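Here it is, the structure, as structure tokens.
Which chain is which? They are A, B and C, in the order written, and residues in each are numbered from 1.
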Amino acid sequence: MALERSDVEKIAHLARLGLDEADLPRTTDALNSILGLVDQMQAVDTTGIEPLAHPLEASQRLRADVVTESNQRDRYQAIAPATDSGLYLVPKVIE
Amino acid sequence: MQWEVVIGLEIHTQLATQSKIFSGSATTFGSEPNTQASLIDLGMPGVLPVLNQEAVRMACMFGLAIDAEIGQHNVFARKNYFYPDLPKGYQISQMELPIVGKGHLDIALEDGTVKRIGITRAHLEEDAGKSLHEDFAGSSGIDLNRAGTPLLEIVSEPEMRSAKEAVAYVKAIHALVRYLGICDGNMAEGSLRCDCNVSIRPKGQAEFGTRCEIKNVNSFRFIERAINSEVQRQIELIEDGGKVIQETRLYDPNKDETRSMRSKEEANDYRYFPDPDLLPVVIESAYLDDLRATLPELPPQKVERFQSQYGLSAYDANVLASSREQAEYFEKVAAIGGDAKLAANWVMVELGSLLNKLGVEIDQAPVTAEQLGGMLLRIRDNTISGKIAKTVFEAMANGEGDADQIIKDKDLIVESDSGVIEKILDEVLAANAEQLEQYRAADEAKRGKMFGFFVGQAMRASKGKADPQQVNQLLKSKLEG
Amino acid sequence: MHQLTLAEIARGLADKSFSAEELTRALLQRIHQLDPQLNSFISVTDELAISQAKAADARRAAGENGALLGAPIAHKDLFCTQGVRTSCGSKMLDSFTAPYDATVVAKLAEAGAVTLGKTNMDEFAMGSANESSHYGAVKNPWNLEHVPGGSSGGSAAAVAARLLPAATGTDTGGSIRQPAALTSLTGLKPTYGRVSRWGMIAYASSLDQGGPMARTAEDCALLLQGMAGFDPKDSTSIDEPVPDYSTSLNGSLQGLRIGLPKEYFGAGLDPRIADLVQASVKELEKLGAVIKEISLPNMQHAIPAYYVIAPAEASSNLSRFDGVRFGYRCENPKDLTDLYKRSRGEGFGSEVQRRIMVGTYALSAGYYDAYYLKAQKIRRLIKNDFMAAFEGVDVILGPTTPNLAWKIGAKNADPVAAYLEDVYTITANLAGLPGLSMPAGFVDGLPVGVQLLAPYFQEGRLLNVAHQYQQVTDWHTRAPNGF
């Protein structure tokens, strides 16, 4: 299942990765190489096998419904690239 | 062409937990931006989610109340997309294995019939933050206070056939979640949000038409108008030879029309997969049994019981049962006052308009159920008349004390001494000799109104305290005699 | 002082041969002097270290005496250290000062450990050579032209060069064990859920585990003791009591059943490594162990399965790096999409971008079943193989890597070439089992490691076998020339 350049562009867009035009061929080759490795899985017979999501198959622990956090805005926003009046700034979003 | 409308609703309810679904941040509405956004809510590197037990309980309560299968092994999944109000770049939601499976809810239609609407599933997920577009030239501001608030997304089957049915369904969900105490239902604050999936098809066709989703409609009125305008749009589109494109739309209440939303996730490939930071949630049957025992009496049963137990009309029963607090208030008043119909009337009419005027809910009523019930007792034992009772009620609302206190302080006790009343009547008749002559001369039909005149005069003379029944009786005999 | 192990340091501090402050200053000086040759540190935290050392000395003076009180260590630079840069070896987090401590960091600080700095690593833990770091490649102290392994290459090189006695690492597909093998160290990946992942910046959530890297099993036991334990902030943390790893070191290996998977000794393994592995087996037999041949039939499918699961989880875990709330942000983004694409395109290196794309593809509509779900099924087959094997043996032994440390740059042409080096280590991550690598000799001056695997929560058994082996061999005592 070889990827075309246009497939790579679509994937990069889904992942919001800005790829250089110049890099596209090399990236496409590299991805195809990896997918070639991965496609070896198809030879394995997994009929009747349940997927294993967590190695130790435990179940989720629940926590009590208590407020444990306090306002740390100044501290957390000290490392933010762009804020104003306590809000995080991004280029204007049009809906 | 006869068109049939097909509507399915996805309702997002914010669960009324103290803390968020995966973090210990507060969920209070309206706080300063980003003051309730912890490391986890901000999606900082290295943070991990831990599930709030109350969110699980609330979801299960809902499932039990709609008679649904509970997902006793349910799994959280990541819904991946990029948007600034979604800090991790994915929303933790549930996909293949939700906490609540198939159930149903009965809704009361306008013609009095009951329709059963299927509910496909309900699942837990985290809410996103908010984007503020207005204040920053060229930039949007992101507030993540809301990010991580627990949501229960309730998905209906596409079984509604009109905007009115859709509204009835939303109202029923709204009442139910408030009854269960799992959501405050405040649509203006976004505690309950509705996405409407609307399509049309020729009557008799089995296949569904292409649907559009109208997102985030936040009032019952807008839901009805949005659906109707969308239906209209689709009909016109098709009748003009066009095709409905599947898309997401927003309702504009000013223009009363829906418009296409510039999609925030254009190629909607969410790449769902089970969240590896969370383990499957296991819900034991014993837990569900214990929970079931804590279910309150639900709206349909209450409405039924109000009719059979108290002899109320279906309409009155529905109004009084529309909220749990109101139903409880009414029953308390009825129990103390001893007359359900009287109680129903006072709660719905007098109390109802007072609450309306003050703009508060019944849980903040200035007159308690005990007070109101106590006052009804005084009406029933003829201490005061129904008319005087309104004065007493107003005084109670003003904080002037209980009914008995007010009656005493304001000297409102009904005058029932027949001697006193007779004397008043004699004075009234003497003072109004001309009208008396006219009465004697008039025929049966005209007498009714004149009779009322004398009654009015007598009531005024007694400052409203005269027992109306006795006034009527004694006046009658005087006039006949 | 730089020759001392953690255990020797603990004794030295206890009998006041030196203070934590003296030791710390000496090691800091050594780091500044020698690390330019290795590039094993991203940040050296002189001030923090000295203040922690002083505090440890004060606690000791007040009567405390823990094994880690005053112990000099370093943290792989994906453990969040409050107030200190935590970069994950990436330009994306070059400017990121962590606002909190990872649980591992907090626990070790509580025990009195002294943090000398943050070690270099493959970017976001994706790599087996430590060549993909934004801060440049790390050199193997045994041969500066060769890779030290990865992704915990910085921790490995620093400890192997005796810049400090021990460091934390993380292991998702072998990133503790493989660099340990290539630099002649003892490194342990605990059972999944043994060590808290809170504050351990995620690569592949269902595979990542933090663990100790040191020169001896005894030291690994000490460091693991300080790292392990249930953490309610990590939903995948297992509430299992932590045994005293130091006491388990001394058990006899008499009757220990060691399994050798026949699939391990096939065509891809360098025969000189195979010889050293066989030699180590002989040593263990002399100590009373019994050897059995076993089979792990699905082992060959592990690499493709891993290279779906890990990138898939990573592609999602790394979505939060978007230039909005922390980290790298591109200049003058013209709109939201531009902000995302350029911040991520410029902030992430090429290996990270490749793996994000593979992962995105594997999860995308139409491919989920064939890739992600298929990989999870193979994962169960691999776990089943181990469960069956452990019914007849107590540990599984084999080479840690199929080849020696390669030359820097040698595997850059094809990304898959490096992936194939993970063949022995990856299965333990997929199954969640604990694994350890210990020094077992040298070929052409380059170290060779032997790997031991045990059932869940049997870290003590691994440390026991390694410690007993280290009583009768001296590979672990050798130091690289010039260090």
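Here, a residue touches a chain if its C-beta (ideal position, glycine included) is under 8 Å from a C-beta of that chain, and two chains touch if they have at least 3 such contacts.
Given the structure is predicted, the values throughout are model-derived calculations rather than measurements.
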Contact-pair count is greater, between A-C and B-C, for A-C
Please list the single chain whose C-alpha centre lies closest to the global protein C-alpha centre.
-> A
Most remote chain w.r.t. Chain A, using mean C-alpha positions, is B
Centroid distance [mean C-alpha coordinates] between chain B and chain A, Å = 41
Interchain centroid distance [CA atoms averaged], chain B/chain C, Å = 57
In whole angstrom, the CA-centroid distance of chain A from chain C equals 23
Two or more other chains in contact with one residue: find those residues in chain A.
-> 14, 16, 53-54, 58, 60-61, 63, 72, 76, 82, 88, 90-93
At which residue positions does chain B touch at least two other chains?
-> 39, 42, 44, 50-51, 82, 84, 142, 269, 271, 276, 278-279
For chain C, residues contacting two or more additional chains = 96, 99, 206, 232, 235-236, 315, 319, 322, 324-326, 336, 340, 360, 364
Contacts from chain A onto chain B in the complex sit at residues 10, 13-14, 16, 53-54, 58-69, 71-73, 76-77, 82, 84-95
Taking the complex as given, what residues does chain A use to touch chain C?
-> 3, 8, 11-12, 14-20, 23, 27, 30-31, 33-42, 44, 46, 49-56, 58, 60-61, 63, 72, 75-76, 78-82, 88, 90-93
Please give the residue numbers of chain B that touch chain A in the complex, ascending.
-> 17-19, 23-26, 32-39, 42, 44, 50-56, 82-84, 131-133, 135-136, 138-144, 250, 261-262, 264, 267, 269, 271, 274, 276, 278-282
Under the touch definition given earlier, write down the residues of chain B that touch chain C in their complex.
-> 39, 42-51, 78, 80, 82, 84, 87-90, 142, 269, 271-273, 276-279
Listed in rising order, chain C residues that touch chain A in their complex are 95-97, 99, 191-193, 206, 232, 235-236, 238-239, 298, 301, 303-305, 307-308, 315, 319, 322-327, 329, 333-342, 344-346, 348, 350, 353-354, 356-358, 360-362, 364, 370-371, 373-381, 383, 414-416, 419, 430-433, 456
